[in-house]
Amino acid sequence: MATLADYSEETRAEVKQVREIVASLHDQLLKWNLVVWTAGNVSQRLKTADLMVIKPSGLRYEYLTPASMVVCDLDGNVVDGAASPSSDTASHCYIYRHMPDVYGVVHTHSTYATAWAATGKNIPCALTMMGDEFGGEVPVGPFRLIGSEAIGEGVVETLKKYPKSPAVLMQNHGPFTIGKDAESAVKAAAMTEEVAHTVWAAQMLGGVIPIPQQDIDKLNDRYQNVYGQH
Amino acid sequence: MATLADYSEETRAEVKQVREIVASLHDQLLKWNLVVWTAGNVSQRLKTADLMVIKPSGLRYEYLTPASMVVCDLDGNVVDGAASPSSDTASHCYIYRHMPDVYGVVHTHSTYATAWAATGKNIPCALTMMGDEFGGEVPVGPFRLIGSEAIGEGVVETLKKYPKSPAVLMQNHGPFTIGKDAESAVKAAAMTEEVAHTVWAAQMLGGVIPIPQQDIDKLNDRYQNVYGQH
Amino acid sequence: MATLADYSEETRAEVKQVREIVASLHDQLLKWNLVVWTAGNVSQRLKTADLMVIKPSGLRYEYLTPASMVVCDLDGNVVDGAASPSSDTASHCYIYRHMPDVYGVVHTHSTYATAWAATGKNIPCALTMMGDEFGGEVPVGPFRLIGSEAIGEGVVETLKKYPKSPAVLMQNHGPFTIGKDAESAVKAAAMTEEVAHTVWAAQMLGGVIPIPQQDIDKLNDRYQNVYGQH
Amino acid sequence: MATLADYSEETRAEVKQVREIVASLHDQLLKWNLVVWTAGNVSQRLKTADLMVIKPSGLRYEYLTPASMVVCDLDGNVVDGAASPSSDTASHCYIYRHMPDVYGVVHTHSTYATAWAATGKNIPCALTMMGDEFGGEVPVGPFRLIGSEAIGEGVVETLKKYPKSPAVLMQNHGPFTIGKDAESAVKAAAMTEEVAHTVWAAQMLGGVIPIPQQDIDKLNDRYQNVYGQH
């Protein structure tokens, strides 16, 4: 098996930096109330080698440190780290192998996003911030058992059908989000829960006013292409 | 382009003070759960010059400091600041130019206020605190695309129809609130979310008992004119 | 007008202690999410004189200190304190004058309790903790305008009909709670919101199983008379 | 009556350690919003003697320390501690005496779990995390009065019918959870509230897609037997 010593100095320096980024982004999952106990995981793919840094399995949030993060190759083999990687590692790997522009993946069971996932209903696009971030509704993906890359397959298959959405709600399970780095994927996870909660509350009042598709497209185009600093 | 050096010493002193006020009021948006990630923005107009201080675009809340706030003129031209101003700057400017008594503007996507906005329904006046703060129902404003002053126009047009309300819920978007300074506008944003949540919960139980208009008027008159210290 | 100097040394010592208690109990209102911005107020009646200590009007929670609390007589005249007392002072006074066993009063606009208040419906007794704390349903009191002792009258009138309940939900307004001291009244305010939220959520699932009155009575008797240390 | 001095040095050392564990786990009840005021209690059974460590009755969370925890034998007699043990002590004892593999018990009134308990409806299994943790639906147990071991009997009777579930929702009362130690039982309490909230929200959208029993069994088997590090 490979170890970090088999990689370049540049890669070892990137690992050090990405361990810090990934560990600290787990605090954002807590801050925005996206996780309970040990649920949820963040990973980031490296730029300098086919490796990723991911949360260890089953460790409580108060014990997460840069050093406890696990480095894996994109087949899920551990390259560096004392603990086992998250039980969702195979799915993170599958996403990175099949979506070459993705460098960050996040999975949570955040409450309202997961509620939509349990009903099998896409979140309708009724908020300008959904036009901005998701370019339309937030899709539900297929039901898949945990523990193999089957979930990753379902995520990729669904996101290919909804190319503007950085989020998919895996049926009966919870949201996966992607981004150009781990921070973007965490932002998408926070926005997914927020729009899930807001549209849920609006549905309770008797239903939302949908936004016309042409306006959704204008919102998304401006946000993704013009609003550079977000 | 003008820079701060073109303004009086008095204005430069006011800018320094208002940068601190506006930066610290963003903490209140977090404290009262009105924002997620980088959403939400606060501005305050200056007393000594036609300038305002507003949040920079897309910066995470933990990185906001007085120095990162942006100073603009009332057409949105940056006069001082390293970052771009909030993407809602044009709307803040429009409000200040058309409502000369307003010196504070806040925009959020707070959950329950935005849920009402997604349904297009005004929040009915069923709470004495709504009589106090809003003088009646909280109105929904028109649907407008993001990025120009069209939103500001919709805000002003709606508030002119509801002159006692410091809040308008822009349809499919979220609340804008105004005040005699930024703190008053932040207070109105917090109250808007609170009454949106409370009346929403009451509606779920089968509907509210409305407050008669004459009692709403008495509440509002006492609160705005007698209860000086609020 | 009387000042603190007109009172005994013992009373001046009690005032000092009760200022600290009342100031610190306002932190509990925040901790249990019972208040937004400056809403909510706590008072405690003194044992050694017909005085009470109450929150000043309109001061943000981060600025509340023992020194900022206001000392009033039971007609609401300020005896010591730099700020005006809470705008609910007349109602606190009315309660103390008409319920001689009450030494603590709390008022909030906590979300779910206020939602029930907006519907005019008592909270049905469907939780053992309601049997314990409230001895039955939590009653709604009459609609009253703010600013006179009319609210206090409505509180007392309702609590006399529900002698086991330390809480009344004033219609379209929010909860008032009482206790043998301010801490007991704050506890009742926290429990009121908790049972309001829980029974609300249960109603959304299709309705609660009521607890038979004889079991409510057994719960209440044990809790109030046996479970001494609560 | 026995005192700690009657026990071995090994047991006295274990008591010291378990006092710290149990006190600190009460912070987790607060962190995950499972309790209000003094509600909720955690206990852990010792390995070296038929004793348990449990929260004192009626003490506010900010005053809980290892030293304030109470040591009881499994009939509820106090062996060490200045305060009375939790009023739920008899039920904790009953569970330990009748479920010899259980070394941790937690009781809360967490909002959404208690809402389901007030309706008498089991939480349907519609989430993969429910398959993992509960092996199916979360059951409601019988209505029982507080203060004797009757609640403990109801807990044990229900858990024997649902042997994969670490949680039971006592009707009109709230959840009890068990585990191989107090931390496992606290984890189960946090997960119970999370799935109660999520499935509740999904029901509001019109109902959940149930997970087929064979898939629930596969999820539970993998989680309990393969996923060692959780």
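Here the chain labels run A, B, C and D in written order, and each chain numbers its own residues starting at 1.
The working rule: a residue touches a chain if its C-beta (ideal position, glycine included) is under 8 Å from a C-beta of that chain, and two chains touch if they have at least 3 such contacts.
A quick map from chain label to UniProt name: A, B, C, D = L-ribulose-5-phosphate 4-epimerase.
Computed from a prediction, not measured in an experiment: that's the story for all the values here.
S.K.: On the document's contact criterion, could you list the chains that touch chain A and likewise touch chain B?
M.R.: Both chain A and chain B are touched by no common chain, going by the contact rule given at the top.
S.K.: Which chain's centre, taken as the mean of its Cα atoms, is farthest from the centre of chain D?
M.R.: Using the mean of the C-alpha atoms as each chain's centre, the farthest one from chain D is B.
S.K.: Since chain A and chain D are copies that touch, is their contact same (over half of the numbers shared) or different (under half)?
M.R.: different
S.K.: Whole-Å distance, chain B centre to chain D centre, using C-alpha means?
M.R.: From the centre of chain B to the centre of chain D is 45 Å.
S.K.: Whole-Å distance, chain C centre to chain D centre, using C-alpha means?
M.R.: 32
S.K.: If you look at chain D, which of its residues touch at least two other chains?
M.R.: Where chain D meets two or more other chains at a single residue, that happens at 200, 204.
S.K.: Got a list of which chains touch which?
M.R.: So, checking each combination of chains, I get A-B, A-D, B-C, C-D as the touching pairs.
S.K.: What does chain C use to touch chain B in their complex?
M.R.: 36-39, 56-58, 83-84, 87, 109, 111-112, 114-116, 118-121, 143, 145-147, 171-174, 200, 203-204
S.K.: Help me check something: in the complex, which residues belonging to chain D touch chain A?
M.R.: 32, 126-129, 132, 187, 190-191, 193-194, 197-202, 204-209, 211, 215, 218-219, 222-223, 226-230
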